[in-house]
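Structures are listed in the sections that come next.
The following pair of complexes shares a single chain, subunit A, combined with subunit B in the former and subunit C in the latter.
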Partner chain A sequence: MTEKQTVNLKINGEEVEAPAGEMLIKVCHDRGLDVPFFCYHPGLVPEGNCRMCLVEVVKAPKPMPACTTPVTDGMEIETHSEAAKDARADVLEFMLSNHPLDCPICDKSGECLLQDNSYDHGKDGSRMVDVKQLKPTKDLGNGVKLWGNRCISCTRCVRFCSDIAGSGELAMVNRGDSSVVDVFPGYPLQNPLSGNVVDICPVGALLTEVFLYQARVWYEKKTASVCHECARGCNIELQALNNEVKRIVARHNDAVNDYWICDHGRYTYDYILGPERSLECRLGDSANPADAPGFLARRLKKSADEHGADSLGVVVSAVMSNEALYLLGSLLQELGVPAENIAACARDDGDEETFKGGFRISSDRNPNRRGVEAILGKDAFSSHSDGLLKKAKASKLRGLVLVSDLPGQRLPDGWIEALETVDFGLVFLLENDSRIPETAHLLPATAFSERDGSIINEDGRVQLVRAATQLPRGVLSLDELLQDTLVELGARESRISPRGLFDEMAGVIPALAGMRHGDLGEAGLSAQGGEE
Partner chain B sequence: MAEIKQEKFEKVLTKYVDEDGSATLEFYRGHGGYEAAERVLKEMKPGEVIEAVKESTLRGRGGAGFPCGVKWSFVPKETDKPKYLVVNADESEPGTFKDRVLMERDPHQLIEGSIISAYAIESHVCYIYIRGEYYDAFLTMQKAIDEAYEAGILGENVLGTGFRLDMTMHRGAGAYICGEETGLLSSLEGKRGLPKIKPPFPAVEGLFGCPTVVNNVETLSCVTHIFDRGVDWFKSIGPPEGPGPKLLCVSGHVERPGTYEVPMGINLLDLVNDYAGGVWKKRKLKAIIPGGTSAKILTAEECDVGMDYESLAAKDTMLGSGGVIVMDEKTNMVNALYNILRFYAHESCGQCTPCREGTGWLAKICGRILHGTGRMEDLDLMIDLAQKMCGRTICVLADAAAFPCESIVRKFRLEFYAKINAGAGHERDIHTGGPLVQPGALSAHNQERLDELRGGH
Partner chain C sequence: MSGTPIEIKLFSKKAREFIEWLLGRYPNKQAALLPVLRLAEEEFGNIDDSSVMLVADTLDLSPGYVWGVLTFYTHYRREGDGKYLLQVCSTLPCALRGCDKVQRRLEEKLGIKAGETTGDGLFTLKKVECLGSCDTAPVMQVNEKYHENLDVEDLDELLETLRG
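Then we have the complex of A and B:
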């Protein structure tokens, strides 16, 4: 890259240095100045149509939209002069002249740019006494509903569909104050990124059917996490109310997903509290999960002592967190189980999809395949799996622990058959599976929204997963259970926090060398040997 | 009918429009056509052509009055991209019908001007974006282009000089906004006719992202004559800031509405009285809109003004597209304004908030005053809204709606009072003082929409 050129300008009397060609609104926002906007979105090509970001450019005859005005040398900007403030207040008055005052029944209420901007920059009262324009309310497709009356014609959704998704289903129809976003008859919204138009709609014109009237957004607990539906590791925000995940929205991360997520990741949270979720605890005579650490330590030790550590096998999944994998690894090491007895189970591959704006859905649907490979070795998915199955067939396997927590996918038949042949079988089960024999012991597995931990995406980026909800009653945290088991076995002194666990793990696992939990932050870090 | 006194000025642009067969190549060549273009292409360098047009101080005849040569000089010389010449023949400003005459009656004059312009900016493709409703003009122009191709005036070897120029017609679909140059380019690219943010200006990044010059039909027709008769001849007509012959379209309450070729700077009253036969039915003059409905209105007392860029600017209005709309004493100005505002509300492209919402709002208020539920405060509200629409949008459609609104409300306030007072007895909404919505007031559009939403139940 050539040397970055900078320009000097004055914003509100202060000397500012900014990269040449940068849009004024970005420079202002970077400096913490409140320049309001509707149609501007950092992930989209600016269109400059809402006129909300008008600022005063000294010596220019008219106020200029900050989102489409590049900074130039010697420019003088006033963002909060009377002229600039008046211009914006006037735009808001026009904006509201046909907008319905239905905030109390609007789902966007609480996260609506029009509400916020009216509050911060608008006038009180209205001079509009005439009949407002009426526009259609309809389904656009893919569970996205349009409330035309609320549309402020910012075209964010239109630009998203044409420039990012590349499918261009949405367009503005009609002119003047009848302008509204719509689809062409017979060609509904159907791209796999369609849910993003709801995220980026600054008002309540586009809403998702599944979240409609489910929660008032200000009551929701919002948690930054990572999507578990493919190996991309898109950054998401889980929004929960009353311990139930109500909605997943995209979270910005330039290194992974920009501002977008796919519909599959957005709408896959129903299994967390779904009817198929397994909550059964079956530990021999006990049904009390509190007995689990002692039970696990006792039975594994017994099996190892009686039949040799080589007769124990474990199957992990590529959804588990690094921490759980690491603890499971150290538990087996403690018992002397050889590394090749730890196999991993992956979800089936899906279709790889790349979109016009560069957003990609990976064919690998395993959020932590790289983590399994980094902690348990590259062979866990292939030769370890084959070897362990062969051992089971030859009746050389006497104890088997299975982690079956792949959402929407049950374990392969081979492992279920293996359960029949062993003396001690234990399954961490996420969703009910009628094939599991009565003799096997059961513990409920955790869903990704219920645990803290880290995963590594396909580019080798280590990112933090955070618990958005408490564990359902009867479900144990796998990390805590494994730590307690190690304590029972005398291998650890006590349970430590997820933070301590990560830092401990980073000291041992080469891929995480040099990382600290505190450095991961919201955006994560690139792992050693990562492809970035 | 008043005597028409036109002998004092020799018509140039419309010299032959009344003669039979004036649209044919044979006629045009028989009257010295294409000699100027041939001379320019053979004897002058493109840079010299631009300099000559700059020297002539020819200003754009489309409405904005931007100096034509200066516009051409903005086109980058060193570029790998193709350059385009686009002829703006959309002529959508209400009250304007001058380009139509030029295209229907003397199409080769435009083709010749376009050849010279394309040569000056080194463009090899010229598009003529013609108003969709101008079907006859389209056919005539197309026929003229076909003739020109056949005669070697267009194509690979223009007039035997080796210069290449292709000319293509494109018909608009009837949107006012497609007469705005960036809106026109969007439409020409096959998109919705939405104006684009300037800068970048079309001269740098226009049609398909390439350098583009957009010129009005009359402007290019003038170019022909600048090179036919010389720069000095052109500058000798009218005021030095914007000289040349000018077509003015007189419509409204006059005896002889029509397109008149006059020297720039002619007195508006002389135009109306001498050329257009005066106000009809022996009535008195009330007001004149001098440059299409986007221009601010002039009261009868203000009409003693020269029809040129500077003199009209001094009266706080503009020459615009040259659409002179004359109103007699019986005109109701509330009705006139409502007509204008409905036009802009209908034609706003809907991109920018102040225009999208403001044009509709103004029309609603004006309609309310006209139909008897106006309030006194509506007048200040209209002026205030109009001022707040100006200069805050991508293109100037908002300004074009605001100018007539503000000027008519200010200058004819008493007529608005009369309408408001006449409607004082109307039942009103007790909270807002606005109209009380009565059964049956729901618009047909909304009724239809509701039926649709109910799914026919």
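Then we have the complex of A and C:
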């Protein structure tokens, strides 16, 4: 007997075909039905403990939780019958019986499932007159704080720590109305994914210390982007207020990171406006960033004319976007600089970590290594670097442009020394570096939150990076500046949009062949031959 | 995290042999948690933090997981519990049959609140969830013994008997 692949059931009177074994809640959500939930999370094993997703199953003696009820043949479901709606409203009334309703001072406010579900499915009053239970407010470790009173005991965080991170620090402690999530004394949260418990907490019980009282979430500008802390390219959402990144949260992408990001990616954004950030503009006599394209065109051209194009060298990083790399490549091509004069500087390797649920942190901390390889060739990291340094030592290098945009990592000494031997030196600088000689020219490097563009992760997936904050007025992002420089040189007509630029680049770079900006969407696309 | 280092405990040879036998009866180590906790209670007289660590190590579980299970159940003797552990059921049938009166009388007589232990170390009073004896509500468990169909008037006598 062959096993049946699909089953037929009725939802709200409509005939529905669904894959056998699928949980009811997924089938309902796929059909756009509003079945509310707290403890259910598509990335976690369902537990069915909150009862918010109760639906009426015709002929069943009582309402059933949709998140743990598999669809079966001939089933008849009512998601919005009076019985179903009543059951859910009653569940909410119980849930609020011990909840402090301190929304005005709760950071979750505005993105809280308890608020949303109460608004959509709750009653307009409470019959509870009893004193509310008091539970602890405390640090759980790794910058995660617990507001016990707000906890609705859904165990999402507990399941995350045991099933996805694999470290199992969190547990529901105590029983009945005094149960609350907590850690064993002396064993705080210490897994490198722990920030995810804050993302998935449906209420304000778990919050991150760094975001505490920083912003009302509804005022934040939210931008879908990609993490730049390792070569995985986890999908993130940048949340900014007043042109400052306030928070980074995970963004769902089944092909890359599921629903999770690591703490390193989550909390590494301080440098963007940190005390070490360099925004200095030093272009000979001018400190005006508006002069940059003209200055760059003039000086590079002069250097190439006087000493030969072979005397120019450029060092890029594997944090830069494909677009910036591509434009830099065409700028140098325009000047006749040989390809081997473009070297790439990699970020130091870190530890490779794989977690129980399959989430992985790559040892390669270069978010766009594959992009550099696709656009400038694999040799950029090795032989080009060696060759360029050799040239500098032999005093054959007369012009040098360095991109120093690796957060927390300064350029190797060799390049700084090379800077002292050239006639024309320019550094795109992210963070202050006292070793850079006075004679070198300076322009601010673009941080990853300040640019539009694309990068290629270690699996060859091309994903879009989007600007969430802006450089100071008048300062151009690197790819804008390079476009304008090319315009100055007469090689381009005018500056074009990130969309146009990507499509142009895709027509030239084999790894991007056939791709269109519009097709990348929020989830990205696998590059040609990218799947390995 | 800092703090006083937890004393390292070990099971006796006999207990280790018992655990070995026990594990053969369960599909995985995690499933043997409740009997191993009971064993730790018997070995060391109660379950303190170092016992939690020992049990977690023995069964390859996180201390957090063991902690969650231990705190869910009220019938394990915990560090600092008095000679007599008075557990008053507070779930619905007992609540309807007046467990709060029982609780209040005990608090008055002993001069402590639920969750506390008397100064002489004789009594610990706990308010617990269902003891599974709803037909004889209200119920209180004193160490291993159930006292059923409780009457507030009987409590004085019971406490006197326990005091000896």
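One rule holds for everything that comes next: the second predicted complex is superposed on the first by the 525 of 532 C-alpha atoms of A that agree within 3 Å, B and C clash if a C-alpha of one lies under 4 Å from a C-alpha of the other, contacts with A are read in each partner's own complex, and residues count from 1 in each chain.
Following the convention adopted for this analysis, a residue touches a chain if its C-beta (ideal position, glycine included) is under 8 Å from a C-beta of that chain, and two chains touch if they have at least 3 such contacts.
A quick note: this is a predicted structure, and the numbers were derived from the prediction, not measured.
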**Study point:** Superposed partners subunit B and subunit C on subunit A - clash or fit
**Key:** clash
Review point. Looking at subunit A, does subunit C or subunit B touch more of its residues?
Key: B
Practice item. Using the superposition on chain A described above, determine whether A:Gly48 touches subunit B (first), subunit C (second), both, or neither. Key: first
Check your understanding: Of the partners subunit B and subunit C, which touch A:Ser162 in the superposed model: first, second, both, neither?
Key -> second
Exercise for review: Tell me which partner A:Val129 touches in the superposition: subunit B (first), subunit C (second), both or neither.
Suggested key: first
Review point. Where does A:Glu417 make contact in the superposed view: on subunit B (first), on subunit C (second), on both, or on neither?
Key: neither
Exercise for review: Mind working out whether A:Glu22 is in touch with subunit B, subunit C, both or neither, as first, second, both or neither?
Suggested key: neither
Practice item. Tell me which partner A:Met172 touches in the superposition: subunit B (first), subunit C (second), both or neither. Key: both
Practice item. Name the contact category of A:Asp116: first (subunit B only), second (subunit C only), both, or neither. Key: neither
Check your understanding: With chain A superposed, which of the segments 73-81, 343-351 or 415-423 in subunit B collides sterically with subunit C?
Key -> 343-351
Revision key, fill the gap. Overlap of the subunit B and subunit C interfaces on subunit A comprises residues 171-172, 174-176, 179
Review point. Where on subunit A is subunit B touching in the complex?
Key: 47-52, 54, 61-63, 65, 68, 87, 90-91, 93-95, 97-98, 127-131, 133-138, 152-153, 171-172, 174-179
Point to revise | Residues on subunit C engaged by subunit A in the complex (per definition of touch) | key: 1, 3, 6, 49, 52, 61-69, 71-74, 91, 128-129
Practice item. Mind listing the subunit B positions that touch subunit A in their complex? Key: 175, 192, 197, 345-354, 356-361, 364-365, 368, 375, 381, 388-389, 391-394, 429, 432-435, 437, 441, 445-446, 449-450, 452-453
Review point. Which of the residues in subunit A come into contact with subunit C in the complex?
Key: 141, 158, 161-162, 167-176, 179, 182-188
